[in-house]
Structure formats: C-alpha cells, structure tokens
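Below, chain A partners chain B and then partners chain C, in two separate complexes.
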Partner chain A sequence: MKALPYASTADSHIAHLVRRHRQHSSPLAAIGPYLYLAPAMILVAGFLLYPALDTAYLSLTNAHGVSQPKFIGFENYAAFFTDPAVITSLENTLVWVIATLLFPVGLGLAVAVLVNRIPGENLFKSIFYLPYAVSLTSTGVLWSFILSPYGVLNAFLGAVGLGRWAISWLIVPPANTYAMIGATTWQSMGTNMVLFLVGLKSIPAEPVEAARVDGAGNWQTFRSVTWPLLRPFTAIVVAMAVINSFKVFDIIWVMTQGGPYRSSETLAVTMYRDAFVLFQSGYGSAIAMFLSAIVISLTVVLLRTSLREEVA
Partner chain B sequence: MAEVTAKHVFKRFGEVTAVNDFDLKIRDKEFLVLVGPSGCGKTTTLRMVAGLEEITDGEIYIGDRLVNDVAPKDRDIAMVFQNYALYPHMNVYDNMAFGLKLRHFKREDIDRRVKEAAEILGIGQLLKRKPKELSGGQRQRVALGRAIVREPQAFLMDEPLSNLDAKLRVQTRTELKKLHARLETTAIYVTHDQTEAMTMGDRIVVMKDGVIQQVAEPQEIYNRPANMFVAGFIGAPAMNFLKGRLVKEGDNLYMDLGTSKMLVPAERAKTWLPYAGREVMFGIRPEELIHEGAFREAHPDWVVPARIEVVEPMGSETYLYLTVGDQAATSRAEGNVIAHDGETMEFAINMERVHAFDPETERAIA
Partner chain C sequence: MVAPRRPHRRSPTAWAATVLASLLALLWLTPLLFNVMNAVKSQRDFMQGSALSWPHSFALWSNIAYAWTTAQLGPGFVNSLVYASVGAATAIVVSALAAYALAVLRIRGAFVLFFVIYSGTIFPFQMYLIPLYKAYLSTGLYDTHLGLILFYSAIATPFCLFVLRNHFSTITPEVREAAQLDGCSRPGILWHIYLPLASPSAAVLFLFQFTWIWNDLIFGMTLASSASVRPVMAALATLRGVYGGTDVPAVLVAALLASVPTVVLFFILQRYFIQGLKLRAVG
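Right, the complex of A and B next:
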C-alpha cells in the first residue's frame, strides 16, 4: 500500500524525535520501559513459566519424591495410554465435557430464554443464580448429604414409590459421575443463564419482530434469528464451560475423591492423586502436561472462532 | 390487498392511554399516512395492526377477518421498520427469501420473486452481501424488498425514511410512492414529518395524545384544518395564530387585531357571525401574509402594518419574521423581496383564506 505523503512526513518527524531523544537521554531511559514491565514479568516468570517448564522437565523423569529423578524420555507418556486408571479418567473427563454442554449450558440457555422478559424475571433470575454463591466445595458437601444412601434423594424416591430406583449414588459407577454432574449443574447453571440473558438482552428487538411478521413462530424465530445473533455469547459460554469441565477437580475430590476404585476420577483428579498422594511426580507431571495441552489448544481454537464469527 | 378496519381501538399501558378510540376504515389500495408528534400513538397503532402489540379494547379487521387474536405471522402483512431490522447474519437474498421459505414456497418461486423485487428496487447486484456491507439507502431497499416479495394484504411502514439523509429521503419518498402505485397494495405509513405526510398520503390521519384529530386528503387537511393542532402541525413554516375579535359594524364583520381592523369577506362572515363580539384565534398561513404590492393595492381593506424582526432568505423565497401589533407572525415572501430588520412594512392578509378558531375548544369555526 502506498503511504500517504503527510503520513510519511509525520513518520520521519517522529523518527527524528526518537533519534534526538536517544542522543540526549541517560542510559537509564533506555531500560525504563523494561523496569516498568519487570514486576509483572517476574510474577509471570516465577509463578507460571518456571513451574510450567519444571513440570515439563519432571514429566520426562521418573521423579517420585524420594531419590534423585532420572531422565526417562517419553516413558511416562507411553505408560498412561495403557494405564486403565488413566483411560477411565479420560472417559470420565469426556463425559463431564459433554454433560456440561448438555446440562449447565443447555439448561442455562433454556432457562434464560424462558425467563427473559416475563413478569417476575428478576425473581427467577435470583433463584437460579443463588447456588452460584455457594462454593463448589460446599456444593460437594451439601450434595453428599442429599445423595448419601440414607439421604434426601433416596428418601424422596421411597416416598413417591420409586424406592427401587434408590441406589448408593456416589458408590456405583457410572451413576457417581452423573450424580456429581447433577450437583455441578445445580451450582453452575445460573451463571450460564445470566450470561445468556445478557446476550438475549443485547439482541435488538426489531429483527425478532421482523421475523414474527415475516411468518416465523416462536421456535423458528429462535432458531433463525435469536440463536445466530446469540452466537458470540454462546461461544464464550461454551468455551468457559468446556475448559472448566476439563479441569474439574474440587467437587469430585470432596464428594468421592475419585473413587471407589478410581472409578469417578477425571484427568485433574488423576494428576493430583499421582503427583501429590502417590508421589509419582514424574507421572503426574506427564498427565498435567497432557491436560494443559488439551485445555490450551481448545482455548486457542474457541477464542479464535468466537472472535472471528462475531456478528457485527 | 384488503381493507384494514379499526373499530374503537384502545391501547392502555397501565394508567397511560396510548391510543384512544381509534376508529377508521382504511380503504383497499389506499396509501394512508399516520402523522403526529412523538408519543401521539401512531406507532403503537401500527404495531397493533401488525400484531406486535396487544389491543386493550376494540377490534381490528384485515379484510373481513377479525385479527385481534391472530399471531403476527398469520396476519399476512409485511412491515418495514425504522432501522430496517434486517437479519444481520443473512445475506440480502436470504433476508428477502426468509418469509417465503417459512411459507414453504417452492425454490423456483422464491428465486423468481426475490429477483423480481431486487430488479424493481435496483439491488440485484447486492444479493450476496451482508447487511453490514450496505449503505443506509441500500439497507432501506432490502427492507422494502423483504416486504414486497411477500405480496402481503397490507404494507405497514414505521418511519422508514427517517434514518436516511435529507437528499436520499426526498428521492426515496418519490420512489415509494411510485412503488405503491405499481403494487396497488394497501399501505399504512407512520411518520412524524408533515412533508412526508402531505406528499405521500392519499389520506392523512393526524394524531395527538392517542386521539385522531382529523382524517382527510392532504389538500383538505391543509386548507380546512379541523382544529388549531392540525393547523399548526401541517405546513411549514407553521400557521400564524393571532388573537383578536370579530366585530360587527353595520352589515360588515371585521377581524380586529387591536391595532388594525380587516373586512371579513361575505362568505366567511356568514359562518363566523355567531362569534361576533367575541374573542377569536385567527389562523393565517405565512403565504397569506402578503407583502407584494399589487395584492395590497387590490385589497386596501386587508392591509396591516408589521415590524420586521428577522429576515431569513431561503433563495427561492424569503421568510420574514414579524411583529403584528404585539403578536409574532411569519410571512413567506418572494425570494427577491427587499426588507431590513427593524423596518415597518405593510402587509395584506388574504382574508379569503384566513381560518378562525374558538379559543376555548381550539376547534375551527366553520
């Protein structure tokens, strides 16, 4: 592209100023910008970059917290693809990801659409959002009571004549994973609902009204107009939900600790157990690297598509 | 194509009555303009016809069908919105085809109709573009195209020109009128712009505070406004209102403005006679406050002196802002008039075309 004449004049003027500035200023001025950046850079380097690199190195060793770690190449990585515990954990993680999209996200959207612009919207919004004020750990404790063999859920099933459906929810796989997903849905659906509501309110009324006049019923209006216009918000909600579900840890650790017999572990729980309970630091680090790779690549892909597809 | 009938329609939002007893039959193929200041209930009325707003009381018919409880999608009407309301994620073709797809038209029919409409509107080359890649005028055409392809019973238009720049607005005004003549579909058009109303409407409905003030053809509205609101709202510059009295002297009736008296022509005197001796609000259009010499000489009984406050040359004409006695008035004079601020000049009021209003009811004395 051809530069505009006045732009090039301005550029050369700025270059001249910079030259003159450099000639006349102290050596400190040259490193000034870096001094301002230093605190943030030290924090990132010390608490993120170094541990990440160290973990990457550990994952290539047989470190187990006692003797000097020995470099073993990719053996840890090769091992966990044949480790039944890791395979179960991977399967559970995928169940968490899919279920999170179906329930906390899907229900969040459904509830947002239902309560949007109805009388009492604020009341419903508050009710659905309230559980988010409870931490995941407390949610875990609370739902452990509800789901225990003598808990509220089984008592309720018995009372309505569905006693034969009562089971030890947190003991029997795969019900234990589903039960914990249920608890997470209760806690996190409200946030998604609020995000979707923000999105719904940002959609101008006119295209929706135009669709109604054009001949669209409620479902067609939603499918053809509301849903496409909601896309930037959906992308963000989905990105956050997928990333969080890959990392899910606290509620499982509180409710089942990944058991019984590692049946409800996810990758994050497996990583924690191997690294900090069984002190297989090298092996745990390999799992951590694998999990990080998935989460980082998903983040990049989702953020890119969500930014690119943003509807103007 | 159909008549649209509103029978005693009301719309209340809580305590506020937005539309108050709207009762009107809109003829088949008519271009009806609803005009009034913002908040007068014109858009709410249109939205009730569209089905986007519920009717609190009364009945609306499209053709012979009562549509009070019919969903917008089943009313067979098309609407053009003020900000176009195009579907931002669809290209021009899909925007126009959307309504036809929903009605399960055959693909060839959709294609033919969309292309025909695009041809009429001159947007054939834009069919693949998204709305954000179009100018305001082009978006406007797509919005019209979306309405045309449907071949609905009635077009509803909510200030469709107000987002266009002044020049394009004038041009599109004419095109819309031509389009209506070609399509022969009943059209209800909402605007706050009296020029649009005058130039486009077969009939004009002037509204204020939710109440119809007058329904008539443009010339009728201009020449025989039903009340002071209509008189002041239609016409630019606005009609002058001068307070005065009707005075009977012998067989003659005079308009007495305090400083000067003007003879009321016999025809008008007959209708105004009951108001003799009473205070009356006189309405004089700026073009009937005439400085031109020949007219003044022909009507010496109608002459009144006025002080020029401001001279506003517009090119083809000049607006003179005056004080008549102690009341403000505007005269629309020829472009080449010679007038100076502070000067006192003589004007003749065309008494054949003066309006008189009852100052209490504000209704025309006719």
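Right, the complex of A and C next:
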C-alpha cells in the first residue's frame, strides 16, 4: 500500500483508511482488482499474443499442409535468399515505401501548404480527405475498373489521341505496381494533408511574418521558417507512412492478388500466398517474422523520435 | 497550443492557389464520378458504350438488388454491422475495466501488464493469421459469428486500453475518494464517475474501431468462408473475383454500397475523424 502523496487533508486521510479497511476485509479483495484486468488480458493473450508466439515457433519448422511439423532451425530464413518470389516481393515492397514517401506524403504536404488559409479551405480539405472514408477494398475495386483494359483511363487516353499509351495497367509489371500506388495515393493523400495542416496551424505567425518583412519570398519563407518548424509533424507522418507501406496488403490483394506470376507481390502478400494458397505455413511464418522485424524496428525508431520531439 | 485563427490570404498568389486547388480537387473527384456514372448503367448499356459515355439507362435499383441478393453482399453487410458495433463496444468495455485496474486501482505490476497488452498493437497482422486459422479450425470457431466477434474485440482492445488508461490517469484521485466516502462501491465508481468522464474518448474510440472493423479484409477472409458469416469486405473481394469480368456495374455498386456507412460517419463526424487520426499519430 503506497502512502498518499496528498494525505494532508483529513478527508483524504479518512478515505485512505476506509479503502485500507475494505481491501483487507476479505480474501477476494486482494485479487479483486485483477479481475477487472482479466477479460482484456484473456482476449489479447488468446487471440493476439499466443498466435504471435506460435508464428515465431512455426517459422522454425517445415509445417505445411496437414503433415506433422518438424523443427528445421533457420532453414526457412536461409531460403529467402534463393526464392525469386521473396526477392521480387522485397523489391516491390521497397518501391512501395519510396513511392509512398513521394506521393501520399510529399503530395500531402504540397496540398496542405496549397490549401492552408485560402478561400474554401474546409471544402478542399473535405474533398481530399473523403477517399479515406472509402475502404481500401472498395478503392481497389473502383480503381480496378478505372485501370481495366476498357476502363476509364484507357478510354480517356483514346479520347485525347494518346491511345497508343493505353496498356493493361494491372497486367504488365512494373506498371501494375505503379498503378496500385496511384490508387493508394488517391485514397490516403488526404490523411497526410490533414496532419500537415494541423502542423501548419500550430506554427506561430511571428516568425513567418518576420521573414516576410525581411523580404523573403514564398519559397524562401517555406524553406527557412515553415519547414523547420513543421519537422515534428513531418517526422510522425513519414514514420507512419513508411510503417504502413511495409504492411500494404488489401489493395494489392483486391487489384492483382500479387500477380500476374507473383510480379506485384509485397511481403505481406507473399506471406499470405505462401501460407494460405500454397499451404507452406512454416515458410509463411518465417516471412511474417521477417516483416515483423522490419516493422517493429521502425516503430521503435518512430517512438524514440516522437519522444525526443516531445522533450525538445 | 492552438495559434489564433488567421484570416484567409487574399493576395494574387492565394487566388492562384485556389485555382490550382480547384483543379486538383476536380481530379480527386473524377474517379468517384466515373464510378458512380458506370454503377447506374444497365448491364447492356455498359457493354455497348465506353467507360466515359453518359448513362442511357438508370439501373441503380436493379444493380443494388443484384449485388445485395444474387452476389450476396447483403449478408456480409449485415454481418459487418454486427461485428463492427459489437466488437468496438466489447473492446471499449473490456478496456475500460482494465484501464480502471491499471490507472485507478493501481494493481501491482501495472506497467508491465499494460505493456503486455499494448504489445498487441506492434505486430503486422501476418503474425496472427496462421495460428489463428489453425486454432479456429480445431476449436470450431472457424466460420462462426462468435469467432469473428471475439477476434475483432481482441484486436481493438490494446489501442482502446492505451487511450482510456491515459484518460483515467488524468482524473484526480480525490474524485474517487470522495465517492468512496459516500459509500460508492468499486464498480459503482467506474460506472458513475470514470466512464462518464471518459465518454468523449470512448465515442472517438468507438467511431475509429467501428471503421477499422468494417474495413477489415484480411481477417474476414482468413477466419470465415461462407456467405452467411463473412464480413462485407471479404464478400466484396470475392465478388470482384467472381463477377468482376461479367457484371461490372453491379460490382461497382457493391463497392460503393460497402463504403456507405463509413462515408456517412465521415460526414457526420468529420471533426472526430481528424481527432482520431491525431490520436493514432501520437499513439
């Protein structure tokens, strides 16, 4: 029992005594508080933590189909280096990460600066943010139609005389990956824009005005005043976007299922295909572990960065 | 600190920015526009015209009926309403109880226990899939409503606990001690004092977890298979595979229908969406 830090008033002292009396009055009282924790602990341990641990174990076995798994050490991990599916998948994942920084994040910043304090700002904000309310699965279906051979994009290219640019966007690599990045940009740019706008609004007016009085142009003001002051927000947006882009799954599964011939898979899709289409659960678990190692180390970096920003 | 609201810019560059933003906004709305335009076409109209052509028919209602019944989006839609509301509510209740134990009753080892539960937010979903699938098959939870509700409640819990625990620890202990003196029991204090005080957080959490569960594809696809159990996004993904080449307008209608609840919530609760996004960003 901890001493009360504010036990100066008589009232709280009495409360303290009352509580002590209650807590020692029955044996149930000692475990009572833990009962409040039990449902959450059971749910999380049973449905999240146990599966995660089991995946870690399975990744060291040759589990597949129905046969009894055998312990094989790190063989699954060693097999990554010679598996063309994993190598292509890793390359695609890196393309997703870089493209996510360029488009949803970079464009999000540009649009935030563009619409900040212009007439109709709230309307623009809603329009760009609206696709975020459309799920990634729906986005995938809608964009599959736009990008299909006789879809909106090719019809448009034909109509403006660029018919020879029309291709089967979702069939030809690497265009299929870029096309899906385009769809993702449409869906998620708005969230980054909203976070950057929050950042822009939090910048005090004085330094910006001071720079203008000193004769700095728009670009100069942005580069030497706004951008440095926005840094804490940029750090969070970038970190979140990078972590999410490593985990991209829904939109690829809906638009190409990682195909054709596994050409547009990312790590999350490769894991799903190996585990649930090819029934290689041991190998699939090893890919899941690999993906987790990347994502968790990035999360740690994010937490440390945002903590440091808070202290500074 | 929120900076005082500044007036709109009125310079020529501001007008140039408005024009540019309008063009970009138009570009952002175009995909939705063409999807809606093609979603209302009859199958025949769609096959005859180009994707850009204006609809000559209005088959929205029959397309909805087709997507809902024949293509079996309907059961998925209803299932997801149940999963998302029951799952989000269960997670909040379970988290409120746990947050009370951790932040108010200050049980021994509170921080470690919190961290154990919170670690449920750091893994990519691929870490859960294979063992869950196997365990669901062997326990009979596979392809059942209960199985999905339990899982969605579990996966929503760590983040709810994070937010509610933070909220509870900002409430001064004197409030509780005063209530105790008045003879209020432990569950009574949680119910009458802490929950009402945390209800704004709980509302944002409910909205966010509802949306998350509604939009989930991968777990719905892995833990259920039949049309009567699988959630809406899994139904939609199957639909695209089965009907995607044949009845495009119906598939487009299905994709739009599946987004209706989240888009409606978005318009009603836009402010909270942004608040929730900020919660996420700092969480």
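We adopt the following convention: the second predicted complex is superposed on the first by the 269 of 312 C-alpha atoms of A that agree within 3 Å, B and C clash if a C-alpha of one lies under 4 Å from a C-alpha of the other, contacts with A are read in each partner's own complex, and residues count from 1 in each chain.
As a convention for this text, a residue touches a chain if its C-beta (ideal position, glycine included) is under 8 Å from a C-beta of that chain, and two chains touch if they have at least 3 such contacts.
Bear in mind the structure is a predicted one, so any value in this text is a computation, not a measurement.
In the superposed model on chain A, is it clash or fit for chain B and chain C?
fit
Let me test your reading of the model: by the given contact rule, A:Val301 touches which partner, first (chain B), second (chain C), both or neither?
neither
Determine, under the contact definition given at the top, whether A:Ser224 touches first (chain B), second (chain C), both, or neither.
A:Ser224 sits against chain B, while chain C stays out of touch.
Between chain B (first) and chain C (second), which does A:Trp143 come into contact with in this model arrangement: first, second, both, or neither?
second
Touch check for A:Val172: first (chain B), second (chain C), both, or neither?
Touch partners of A:Val172: none, neither chain B nor chain C.
Which of the two, chain B or chain C, is in touch with more residues of chain A?
Greater contact footprint in residues on chain A: C.
Should A:Leu48 be classified as contacting the first partner (chain B), the second (chain C), both, or neither?
A:Leu48: touches chain C, not chain B.
Per the contact definition in the header, classify A:Glu209: touching chain B only (first), chain C only (second), both, or neither.
The answer is first: A:Glu209 touches chain B but not chain C.
Can you report the least C-alpha distance between chain B and chain C in the superposed arrangement, rounded to whole Å?
Superposition on chain A places chain B and chain C at a least C-alpha distance of 9 Å.
Touching chain B and also chain C: which chain A residues?
Common to the two interfaces on chain A: residues 204.
In the complex formed with chain A, which residues of chain C make contact?
Touching chain A from chain C are residues 1-4, 6-9, 13-14, 17-18, 20-21, 24-25, 28-29, 31-32, 34-35, 38, 50-52, 94-95, 97-98, 100-102, 105-107, 113, 116-117, 119-120, 122-135, 150-151, 153-155, 157-158, 161, 173-174, 177-178, 180-181, 186, 190, 211, 214-215, 217-218, 222, 233, 236-237, 240, 244, 248, 251-252, 254-256, 258-259, 262-263, 265-266, 270, 273-274, 277-278, 280-282.
Can you name the residues of chain A that touch chain B in the complex?
204, 206-207, 209-217, 220, 224-225, 228-229, 231, 311-312
In the complex formed with chain C, which residues of chain A make contact?
Against chain C, the touching part of chain A is residues 2, 6, 11-12, 14-16, 18-19, 32-34, 36-37, 39-41, 43-52, 54-55, 58, 111, 114-115, 117-121, 123-124, 126-138, 140-146, 150-152, 154-156, 159, 186, 191, 194-195, 198, 201-205, 218, 236-237, 240, 246-247, 249-250, 253-254, 268, 271-272, 275-276, 281, 284-285, 287-289, 291-292, 295-296, 299, 306.
If you look only at chain B, which of its residues touch chain A in the complex?
Touching chain A from chain B are residues 50-52, 71-75, 77-79, 81, 83-89, 98-99, 102-103, 132, 146, 150, 156.
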